[in-house]
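These notes open a run of structures that come right after.
Both of the next two complexes hold chain A, though its partner changes from chain B to chain C.
== the complex of A and B ==
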């Protein structure tokens, strides 16, 4: 008689001994504790996000007598829509690379631990807590006709002043908005990158240095690859927030430099047309989701297979 | 050897130079808005403007604070901020605790959901919510704005508090329970006191988010405006002095806030967004 091979009938495995944590979960009744703890926030967010999302889609696509594309047509026909879309896109395309180069330079400077670095970090972080409206007003004091920039130019005996924010000077208007956004929002990228750098062990960098790698080589091949997750998060966040730029331009130029969010505001508050406002909001949503998806695809770390 | 030392010195000097330049770019606008807001009306009307504080006066600020709607808006802003703070703590702290202490099913999808919500544009919410709030009678109340601001800040509150709870050793809690405390009691007596500073940081973060938010507040209110919404809606027909003073009034809390929260800056914005 062949003895039963041990592999044929595996011993009845007891369920793995419950850990202490699972114990605690099980003891307290039918609904597990963590779900009870998490549920209120889920319900709240679902109500405040999914409900308006649904209402918004309906607002954009519905008239009194069923579905219609009129609101979308009206949005597209509006003379401000395309300039607003173009400005929004332009702002992001120019701002984001500048911002990332700037923030990366700042983070690397801090990494050198210069004297007074605590003070520097504080000043560089202040804009984190400044609203875009306040940032717009701050830069308004500089760029307005009788503002500090023109004053400084006059003091230096250079110029009699320039209408930086006039609709006749679209370039300087754009530069003003760009500078204000660069000033305000680079701090966010900075803290994400500084936090990312802190998690990178210095050994790799030092090892590369020992083997004779130059600063640029180390940056390119050692630091940046390890910073990838932080860069990716910052990139997605900043692009989506960049699409929402609004009050900076509003404070600096009014409607002379239209942006998509500003147009939503115009349609909703001034023109009292919630349908077109909702339509523009949906365009923004689509753009946000689109860019996030593209970034996640393009930036996926090939060596890890799955991005965090 | 000396050459190497010279190179190090040069490098240090260059780094310092770069740091000072960046600091000037970041700090100068703050100096200028303070200068503008604290100048007298006459010196603001002059051109060119003085670049040094010569005519310091609080007239411009007092005129701003005295103009119609500003003080009530200030009060509304504080009220909205505090309401969002309480709400986001009530909803966020338990969730943060759950994320820190339990490995439960749905944990990863939940975190993904939080990130998703964090990335959603407020514009997409505010416009339809104006309609929803109109039909529920919440429109033009501080509650409506507080609800939206809570939704904005909640994901971050959850992530910050969970990071805080992770740093409180589980052993302390278990020791308390060994000595007969119930789980809620152990939490209240042992965990909460240790987590309090971090939770306070999360609370202040919510307050600042709310203090800064302008689009939702402007779209969801008519008479009960927050300060930014008030400044925004009166922007086009207000004198420059009013706008400068408004800008400064919005900036000051930021200076205080960053000074108070320096220790938590990286936790709040840096590592928690991952």
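== the complex of A and C ==
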């Protein structure tokens, strides 16, 4: 009773397929099509990423007479290195949670479509269009000794002019850099989160509401888990960009508030020692890869993990 | 009858072709200037084209100084038209290095401080012939010797010189300790003065140092403080006298305006009245007294236990190997070292002549004041001539950074002096061990002998 005819039918029809593929391969000149399609990106990666990476690693570890750890030792002995590492870490630890809290609040607000929400979105995205250095200079005009902030304070009779960016006040210096970075880079997280929220069907949220879930419960158990991929992308992007914070701090504080990328620049341009600059860049690379790996593991979708 | 069908397409064709050709022609005409601009474009700023001397320099970067110097070039240099491009030292170094290495030199003449030029000794033409021809200019022997970077042949010719002095607003003179003369201060008197002035000014310091990111404060340690206390710069780097010098600086820093770490040029805070006493490069001080010269005094730097250490800054002119307009560049050098040109540069940009010049009576008061202070400093009894580091090539910045690190750790971070000096001495010694260069003044200069921290 089993009728094998339908399953038996394919072989004869499938038979000419290899010849057609062979024919196509012959026409394109031996190389399989997928390889051709992948080739440009492989070449791109090799030339613009792997090669400079290898050069950078070699630069950090090579001297005229073979491999050496001198450059790394030099980096570690530099009085600016550890403060720079500490400041970079501090900036990320404080900045990223603040940025995500702000961006999430703003994205959720936009999701509720208040009046003029389009306008809010555009206004909040303005910092995206401004270069870091310009943003740093804008904030410098606010925080500098005779800047807008001190002028306003003096005008109000509150202060004789606090030196916000002086080496003597590391806290206000840090706060100034933090504020400037918060202002400049939160919009990037906002854009990613808004895009992520738009992909989440409202049905889940409405269903949860029908079953009596509070706003907080819906946010925690319905929205955030579905937003996980966007959060992951934004976190990785922002942390790597946070590690690269440079122009804002440079404009605001110069070397009074050293950061790792600023030190790379300092060693490369001012001190003309590309070896130590490459060594610091290697530290940054290791940190970036490390944090990205941690995020990918911590934010892995548990259901995905089980099914594998 | 049979002609009708073919004629329509034939008559339409030429029209379409003509339109397309016109379009291509238009696009071509539009693109041509863009494309030609790409070929051999100068990346170093103004390019005067063939026959023009392309002059790359690290000096006169501020726009007013640049404009004044360009006017001098236009008036005084008749032999060739000169396109003047002031750039940052990093750009300067990489432009020379890459152009000479690529064998496509587009810069005809370079001008920079001794330290800017020294790393490129083997990239410059031998200017012995020109030095011989210009012998009547009367370059001071110690300055001319600096230009012989390779030891024997002339790599650059002196262009101008400068130094660092004190600028003082007269209102600060009332706090001078009794018996002290501002023209012959000692470092101890400076400290007392700064302390008294601070107390007199309601606790706000009136002394400023150029410790900003682009400030030249490391020159204060290299050329003034350390030679005055130790008689040397490198060989005495962590001697007992050096510990004393840094201890002194720690005390002086306590009386110095903390905003100094943001000051790149002292003339600005002086003009604003933010500080009343400042030490800096004359070119970075000279604008302070311009408006009201009578309110200001310029004085030599103080003297210490070993004498009056002072730094001589020398700028030079060189021609990169393979420069397309090398002959014209030689004529420009001849013009720039002429007495009148040198006096013009002094009058307008406060860099002092490197040739014999009768002192001009028509100098602006601020410049005359600076010139007088420099003259007194150079002629002071027990003056110790110091030079910015010589022959360090691209490690110059690192060596200067060692002195800045000492300042940061001792004065800003409040670390004890001895361990800081010992650590930094090891770094300095490691760099010098690699470089294998002889010392420079005020350390004992001996060709062929490697400079090391004692």
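Just so it is clear, the second predicted complex is superposed on the first by the 263 of 308 C-alpha atoms of A that agree within 3 Å, B and C clash if a C-alpha of one lies under 4 Å from a C-alpha of the other, contacts with A are read in each partner's own complex, and residues count from 1 in each chain.
Criterion: a residue touches a chain if its C-beta (ideal position, glycine included) is under 8 Å from a C-beta of that chain, and two chains touch if they have at least 3 such contacts.
Because the structure is predicted, anything quoted here is derived from the model rather than measured.
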item	value
Touching partner for A:296 - first (chain B), second (chain C), both, neither	neither
Which superposed partner A:37 touches (first chain B, second chain C, both, neither)	first
Chain B versus chain C as contact partner of A:198, first or second or both or neither	first
Partner chain in contact with A:188 - chain B first, chain C second, else both or neither	first
Contacts of A:269 with chain B and chain C, given as first, second, both or neither	both
Touched partner set for A:59, first chain B, second chain C, both or neither	first
Chain B versus chain C as contact partner of A:109, first or second or both or neither	first
Contacts of A:254 with chain B and chain C, given as first, second, both or neither	both
Partner chain(s) touched by A:79 [first = chain B, second = chain C, both, neither]	second
Chain A: partner with more touched residues, chain B or chain C	B
Contact residues common to both interfaces of chain A (with chain B and with chain C)	254, 269
Chain A contact footprint on chain C (complex, rising order)	90, 93, 212-213, 258-259, 261-262, 394-398, 401, 405, 408-409, 412-413, 423, 427, 430
Touch list for chain B against partner chain A, complex	12, 15-16, 18-19, 22-23, 25-27, 29-30, 32-33, 35-36, 47-51, 90-92, 94-95, 97-99, 101-104, 106-107, 110, 113-114, 117-125, 127-132, 147-148, 150-151, 154-155, 158, 174, 183, 208, 211-215, 218-219, 228, 231-233, 235-236, 240, 243-244, 246-247, 250-251, 253-255, 257-259, 262, 265-267, 269-271, 273-274
Chain C-facing residues of chain A, complex	74, 77-80, 145, 163, 165-168, 254-256, 269-273
Chain B-touching residues of chain A, taken from the complex the two chains share	20-21, 24-25, 28, 32-35, 37-38, 40-42, 44-45, 48-49, 51-56, 59, 105-106, 109, 112, 114-117, 119-134, 136-142, 144, 146-148, 150-152, 154-155, 161, 183, 188, 191-192, 194-196, 198-199, 229-230, 233-234, 236-237, 240, 243-244, 246-247, 250-251, 254, 261, 264-265, 268-269, 274, 277-278, 280-282, 284-285, 288, 292, 308
